[in-house]
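What follows is chain A paired twice: with chain B in the first complex and chain C in the second.
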Partner chain A sequence: MTKRHVTRRGVIQTGAIAGAGLALPTYLRAQESGFTNAPQGDTVTLGFNVPQTGPYADEGADELRAFELAVEHLNGEDDGGMLQTFSEKNLDGTGILGRRVEYVTGDTQTKSDAARASARSMIEKDGAIMVSGGSSSGVAVAVQALCQEAGIIFMAGLTHSNDTTGKDKRANGFRHFFNSYMSGAALAPILAAQYGEDRKAYHLTADYNWGYTTEEAIRSSTEAMGWETVAAVKTPLTQTDFSSYIAPVLQSGADVLVLNHYGGNMVNSLTNAVQFGLRQQEANGKQFEIVVPLYSELMARGAGENITGILGSQNWDWKLENELGAKYAGTNAFVQSFGEKYGFPPSQAAHTCYVQTLLYADAVTRAGSFNPCAVVEALEGFEFDGLGNGPTLYRADDHQCFKDVVVVRGKENPENEFDLVEIVEVTPVDQVTYEPDHPQFSGGSLGTCNAGA
Partner chain B sequence: MTDQTQSAPAQRPAATSPDTRRRGATLGLAPRDLGLFLFVAGLTLCAPFLLNPFPADSSLAQFNAGYPDLMQRFVIFGIFAIGFNILFGLTGYLSFGHAAFLGVGSYAGVWMFKLIGMDVLPAIAASVITAGLFSVVIGYVSLRRSGIYFSILTLAFAQMCFALAYSVLTPITGGETGLQLSLSDPRILGAAASASGNIPVPSLFGVEMRETTDLRLGAWSFSLNVGYYFCAAVMLVAFYLAIRLFRSPFGMMLRAVKSNQQRLYYTGLNARPYTLGAFVISGMYAGLAGGLMVSMDPLAGAERMQWTASGEVVLMTILGGAGTLIGPVLGAGVIKYFENIFSKLNDSVLHGWFAFLPDGLENFVVAIVHPFVGKGWHLTLGLMFMAVVIFLPGGLVEGGQRLSRLFRRKSGPETRSTNDTPAE
Partner chain C sequence: MDAIILQILNGLDKGSAYALIALGLTLIFGTLGVVNFAHGALFMIGAFCAVTLSRLIESSRTVIDESRTDFLGNPMEVQVPYVVDWFGESGGAFLIDWAVPLSILFAIPIMITIGWIMERGLIKHFYKRPHADQILVTFGLAIVLQEIIKYFYGANPIPTPAPSAFQGSFDFGVLLGFDPLTILYPYWRLVYFAFAALIIGGVFAFLQFTTFGMVVRAGMADRETVGLLGINIDRRFTIMFGIAAAVAGLAGVMYTPINPPNYHMGMDFLVLSFVVVVVGGMGSLPGAVLAGFLLGILESFASMREVIDLIPGINQVIIYLVAILILLTRPRGLMGRKGVMEE
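Entry: the complex of A and B
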C-alpha cells in the first residue's frame, strides 16, 4: 500500500476546482416550464413501451410498427393515414406544435417491474413526455401509476381488464381499447340469439387479474339473459396443456365452454378443446359451443383452423369499413398505409396504439401546450370520429373510450392467413355503455392530474 | 480454483487480526479492507458523474447510465448480491430462491406505505424483519439438505411464493398487477393524499426520494437524486457489515462449512446454526433490497420473485466473483447495465450509427449487430457470461487482479514488495 500525503495545498487546489465546477450555471430542468420533461429544442420525445420479448412479443412488434407509422404521419412523411379522416383537422404533418416527433422504445417483457424500469428510463433518461403501448393489463396499470407519479401522460395500449379504467384508474392515464365489461355486454345478446337463452356455461379462467374481470363480466351479462354458470375453474397462467381441465367439462352438464384466456393460453386451451372433440358433442340436447371473449388476429393465426365458428369480441377489425360502410371511416386509410409499409394488414393492437398516438398529438395541439394537465383537460369528454371505430367519446369520469364493439367469428374457409375472422355484428355503443360507478369498476378514483415537478 | 484465489487474501487478516487491532485499525477494518471500503464509497459517491461520461446531446449519450432509476438499481441489486454472497460465497450453499425474500420484503414495504405512512424507514424495517422471518422458516427446512437438494428446495419454496403471490394471494399481493398504493389507503401516520390530491410519494423525514437536481456543466448533465444517495448510504452500511462478517470468527466458521462440512461435524461442531445464521442474514439483505426497491418505486410485482430473478442474482455473484467482497456489486452493475441500456438500442439507433457506410453495407452491418442488441441483450449477456466463466473463473474480480498484476510486473522492481504480499 502506498501512503498518500494530504497536503494543505492539495486540499485547497481540489476544493477550488470542485467549487468552480459547482458554481457553473446549474438549474432544475423542471423549473422553467412547470411540468416534467418539457420539450427542449425543436423536437419532442414520445416513449413506446411494448413487449419485445415474452408471451406477447407478437403484439408488441405490431404495436411498434403502428407507432413508427404514427410518428411518420405526424411528421408529414408518407401518406398521412388517418390524419385525412380524423374529425379534428389540427394535425398538419408538422409534428406536434411544430416540433418534430422523435421516439424511444423499451421492452416491457410483460412484467410490471421491467415495464416500470423501462418507462422510468424513458422518463428520466430520454425525457419522454408521453408513454404509450403495452399488451397486458398488469403492465398497463403499473405503468399508468408510474406516469401519474412522474407527471406525464400515459396512453394505454392493449389492455382489456376492467381495472385499468376501474379501480386502478389514474388522472394521467387514458384507454382507447375496450374492456371486459364491454366484451360481455356486446357478446351476451349475440350469444343468446345464436345459441339460445337456456344454456349452461363452464368457464376456464386464466388465474390473474384480467381473467377475473373477464369472467365476472361474461358471467354477469350472460346470467342476466338466462344462462346458468355451472362452474368456473381457474387455470395457471403458465399452463400449456389444458387437457386435464377440458376433460371434466362434458361431465359437468355444461353445453357451452367459455375460455377466459388470452395469447398463448387461449391458443393452447382452444386447440385442446377442439381436439377433444367438444364441438362435435351434444349436451342437454344441444350442440356444444365454445366462446372466446377477447379475440385477436394474432391469436387466431396461432390457433389455426381450430378457431372456425367460434364467437368472440374485438375492439376493431381491418375489414370494418369495407363490410359495414363509411361509419367506420379511417379504417381503410390506416390499413392502406400500414399495408404499404409492412405488407400485411394491422392487428387491433396496432390500431389502438396508432390511434392513441394521434389522439395525444391532437390533444396537445388543441390545448396548445405539452403540459399534462392541459392535455388531460383536452382529452376529457372529447368526442371524435374518423379513427376507425365510428363516433367515439373519451369519458371524463374514467378516461375510457366508448365506441361500438365488434363481435366476430372464426371464418369457415379463410382465404389467407390475415383473413381468419368474419364480422358477425357490431354492437352499438349504447349497449356497452355503463355508469362510471358500476360495481365492476368501483373502488378507485382518478385523483387529480399531475404535471410533475 | 476459485476457492484458493479468494481465500488466500481473505484468511490473512483473520490470522493477523490481533496484530492489526493493536496497530489501531480504523473502523475495525484492516488497512486493505479500509482501502476497499473507501474505494467503494468513492465510487458510489461519484457514480452520477462516472456513469454519465458522454455529453447529453452526443450520439454516445445512449450509453450513459447516470439516471436515477438505473443508479438506484445498481446499488439495490448490489445489496442483494452482497447478501447472496454471504451465503453462497462463504458457505457454498447455492440458494436458487433468493428472489422470494426480495419479493416478500417488497410486499412488506408497500404494506407499510399503505398502512403507516410514506416514510421509508418503517417500510425498510418491516421489509428486513419479514424477509428475516421467512428465511428462518425456509432456511430451517431447506438446510436439512445440502448441495443440489438444497438448491432445489429453495427453488421450490421460491416458486411457491411466486405462484401464491401471482394468483391465490391476490387480495394481499395484488396478483399480476402488483401491489400498489391507492388514494383510499389508511396511512395512519401520514397524509392519505398529497396537497395536490395525488398519492404521496415515499420520503425520508419529508425529503422526497424522487427529488432530483440536474447539474449542467457545459454539455454534460448529471442527475443528483435523493433516493440514489439514500440507497448508496444503505449499501455502504451493508457493505461494511459484510466486510466485518467476512473477517469475523463467524465468517471463518462459514468458510469451514464450505471447505469440508463433514470434518466440521467430526470435530464436534454443529454447523447448522452457522449455516442457518448465514441464510437468515442473506435473506435479510434480500429483504433490505426489496424494501429499498419499493421505497424508490412503490409498486411490488410478483415477477420479482420468479425463478429468473433468483437466477439473476446467482449470475451477478458468479459474474463478479463469488466469495469476493466487491465482485457481487460489480456483477450486479454489469447485468443491470445490459438489461437497461443494451435492451434499448433498436434498429433505428443502429442505422443512425452506421449511416456513414454505403447503403448495402449499412444494412448488412445492422443485420449482423441486430441480434445482439435490443431484445437480444440476453444473448450478448449470455456470451459474456460464458466468456467470463471459461476464461476468468474468479469472475470480473479475477480479471481486475490479472490486469493489475500485469501492470505491476511491467512497472519495475520497486513494486516487487507489494507484489509479494498477495502471494503469501
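Entry: the complex of A and C
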C-alpha cells in the first residue's frame, strides 16, 4: 500500500497541465491569423446578404431558408441534405474545421449601396468570414468588389449577368449560378428545334446591366443559328405597363418576342404581351412565340397562367432527379430536406445559395484553413458532383461554375402553384462552355486573392 | 397610321389610370388643401381588395387524393372551393371567374371607410401645418400601408385575371377599315377605359348636379363664406376624402387584370399622378383628367421605337420634360385657377 501525499504544489502543477491540455485544441484553432475575421473560439460566422425588403423579398426569404438549412446540415442537425450525396466527403456534420457554424443576415434591399452597407456591417461588426446571397447582378458585383477589398470570400447568390464573372470578376468572388451567355447557348438550339431557324426576333430589354448582357447573349446565339433581330428596344427599369412597347411588335415584322426582363418587369411585360394576344397571332406565316431567357419560379407564379408554353432557362429545377435520373443526384435529398422543413419545394435561388454554402465549407475543410487565399486555391479548378446539377467545374480562370443548363417551358395545366414549369431539355455543359477570353466576358481580370488584415 | 391609332389607344388606357388617381388627388387638394402622398397607397389597397375577395371566393376545403402524390411523395392535397360546394361546379366557377368585377362592390365600402379613418385619424391634424409636413406624414403613411400589405400578401406580384369573357383582344382594325389583325387591343383595357370614363363622369355629375356637390364646389371656391352660412363644410370635405379614396381604390381594383398587383404598385403611380395634377393645375378637376389623358398619350408615343431612335431616352423623361415646360411657362397648370402656384 502506497501513501499518496497531496500537496499544494502538486495540485497546481496537475491543474496547470490539465488546463493546458484542455485548452490546446482551442489554442491551435486560434492560431489562424493574418487574414480578416480569422475565427476565434468555437464558432465561425457566415454572413447571408439577401433582399429582405423590396420587390425581391420573397426570393430573399427563400434564399434565407436555404442558408438556414445549410447551416443546420453543416452542424449535424436534421437529415444532412446534400451532404449525403456530395461527391466530397469532408463535411461530417461537426461544423467547419470543428467550429460550429453561426450566421448573421443582412438586407440588400436589391440596392447596391444598401447591399454594400449591410455586407460591410456583417464583416466589420459581426466578424463574418464569408458573405453569400443576393438576387441581383448589380448587388453581386458591388458586394463582390467590397469583399475583395475586405479580404473576405464572396459566394454569389442569384446573379445572371455575364459581368459578375466577366469584366467585374474578382479573385475572392465565386459564382455557382449560370449566366446570360449560358442561357443563350442553352436556349438557341432548342428554339431552333421548336420554332425553326428562319425567325425574326424583337427584343424588349430592361435598361440596365443584366438586360444588356442577356440581350447580347441571346442575340448572338440566335443570330448564329439563322434568326434575324428586327429590333431591340430598351425599356425603363421602373416601367410597369409595357403596352406601348408591345403594341408595335406585330407591325415590326417580327414573329418572336424575346423579353430580356426579370422580376416584376418580366411578370408585367409577359402579362401585357399575352393580353395583346401575341400568342394567338400568326406572323410571317408562323405562330408568334414569346421567349423569356431567365425563368424564376417565384416570378412565374406572379405571371400565373400567362407563362403557359413560354420557353426559358433555369440553373436548376426541383424535378431534375425525378425526371432525368441519378445524374442530378442531390436534387431529391435537398428537396426532401427543404420540403419537410418548409412545406414546399425550393426555388433555384434557394438551391444555389445552399450549394454555395456547402462548397465554401468543403473548400475550407480541404484547405484546412479559413484563410481566403487558401479557400480560393481550394475552389479554383474544383470538380464536384452530387449537388443537383450533375458534374460541375469551378473554373479557375473566372470562378464561374460550368454545368448543364435546364431549358423549361411554362406548364399547360399546373397541378399546384409550385409545379409551374416543365423541363423541356437539359443542355449539356459542353454546349454552354466558352473560352475565358470570350468577347462577352472581356475587359476584367481576377487579380490576386486578398486575405485582408 | 395603325401604329399611331394603337398608341392613342394605349395612351387613353394609361391616361385612364393617371386620370382616376389624379382626380382623387386634386379633389383632396381642392377641398382640404392637403397634398396627399398616400393616395397611391389607396390605389394599391384597392387592388388588394380584389386580391382579397378573389382569395375569399376561392377559400377551399382540403381533400386528400390518394391516387396522386405531392412533391414529397405524400398523398396529394386537393383544394375544393366552398363556392363549388354551395353553388355547384358552374356557379362556383362563375364566381371565381368574375371575382375582379365583383370586387367593386366589396371595395367601395372598404375604401370609403379607410379614407374616412385616414382623414379623421391622421390627416385632419395636419390641415394647418405647412405642405412639407403634410407630404412627410402622408408619405410615411404610404410606406406603412405598403409594408402592412407586404406583410400579409408577400412581395411577389399576385396574378388576378380578368373574367374569361374579357380575355383576348378586340380587332379594332376591322372596325376602322384596316386589314384584320392590324390593330388588336385587349378587351379588358377597353373595359378599363370605359370604367374610368364612367367614374370620372359620375364624380363630375355628383359635383355638378347635386346639392351636396354644389356645396362642396362652393367650399372649394370660398371655404370661409360657406362656413359662415352655417354649413358644416368640414363634414362634407371628409366625405369627399372618402369618395376620393374610393375612386383611387376602384382604379386599383380594375387595374389588377392589367398588371398583377404588388405592394409597391401605388408608389409606381404616385409620382406620375402628381405630375399629372401639377400639369393639369392644382385643384382643377377637369385639368387633372385632361392632363392624365394627355400625358398618357405622350408617354405612349415617346415609347415608339421610331421616336426612341430619333431621341434616345425620351421614353424615360417625356412626362418630366412636359412638367418642367408647364411649370416654367404656366405655373398654375393647364386649367389651374389664376393665382394658384403663381405667387
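As a convention for this text, the second predicted complex is superposed on the first by the 421 of 453 C-alpha atoms of A that agree within 3 Å, B and C clash if a C-alpha of one lies under 4 Å from a C-alpha of the other, contacts with A are read in each partner's own complex, and residues count from 1 in each chain.
Assume a contact is a pair of C-beta atoms (placed from the backbone, for glycine too) under 8 Å apart; a residue touches a chain by one contact, two chains touch by 3 or more.
Everything numeric here is computed off the predicted structure, so don't read it as measured data.
Engineer: Kindly say whether there is room for both chain B and chain C on chain A in the superposition, answering fit or clash.
Structural biologist: Superposition result for chain B and chain C: fit.
Engineer: Should A:302 be classified as contacting the first partner (chain B), the second (chain C), both, or neither?
Structural biologist: second
Engineer: Between chain B (first) and chain C (second), which does A:142 come into contact with in this model arrangement: first, second, both, or neither?
Structural biologist: The first partner, chain B, only.
Engineer: Touch test for A:318: chain B only (first), chain C only (second), both, or neither?
Structural biologist: second
Engineer: Classify the contacts of A:241 with the two partner chains as first (chain B alone), second (chain C alone), both, or neither.
Structural biologist: second
Engineer: Is A:90 touching the first partner chain B, the second partner chain C, both, or neither of them?
Structural biologist: After superposing on A, A:90 lies clear of both chain B and chain C.
Engineer: Looking at chain B versus chain C in the superposed three-chain picture, what is their shortest Cα distance in Å?
Structural biologist: Across the overlay, chain B reaches chain C at a minimum of 6 Å between C-alpha atoms.
Engineer: Show which residues of chain A both chain B and chain C reach, each in its own complex.
Structural biologist: In chain A, residues 53, 57, 207, 234, 236 are touched by chain B and also by chain C.
Engineer: Residues of chain B touching chain A in their complex?
Structural biologist: Touch list, chain B to chain A: 31-32, 35, 64, 67-70, 73, 163, 166-167, 170, 175-178, 180-184, 193, 196-199, 201, 210-218, 223, 297, 299, 301, 303-304, 339-340, 343-344, 346, 374-375, 378, 418.
Engineer: Chain B touches which residues of chain A in the complex?
Structural biologist: Residues 1, 21-22, 24-29, 52-53, 57, 104-107, 111-114, 116-118, 120-121, 124-125, 136-138, 141-142, 145-146, 148-150, 163, 167-168, 207-210, 212, 234, 236-237, 443-445, 447-448, 450, 453.
Engineer: How about chain A: which of its residues touch chain C in the complex?
Structural biologist: 53-58, 207, 231, 233-236, 238, 240-241, 243-245, 247-248, 250-252, 264, 267-268, 271-272, 275-277, 280-281, 298-299, 301-306, 318-319, 335-336, 339-340, 344-345, 415-416, 418-419
Engineer: Please give the residue numbers of chain C that touch chain A in the complex, ascending.
Structural biologist: 2-3, 6-7, 9-11, 13-14, 68, 70-72, 76, 150, 154-159, 161, 167-169, 181-182, 184-186, 188-189, 258-260, 262, 264-265, 268-269, 299-301, 303-305, 308, 315-316
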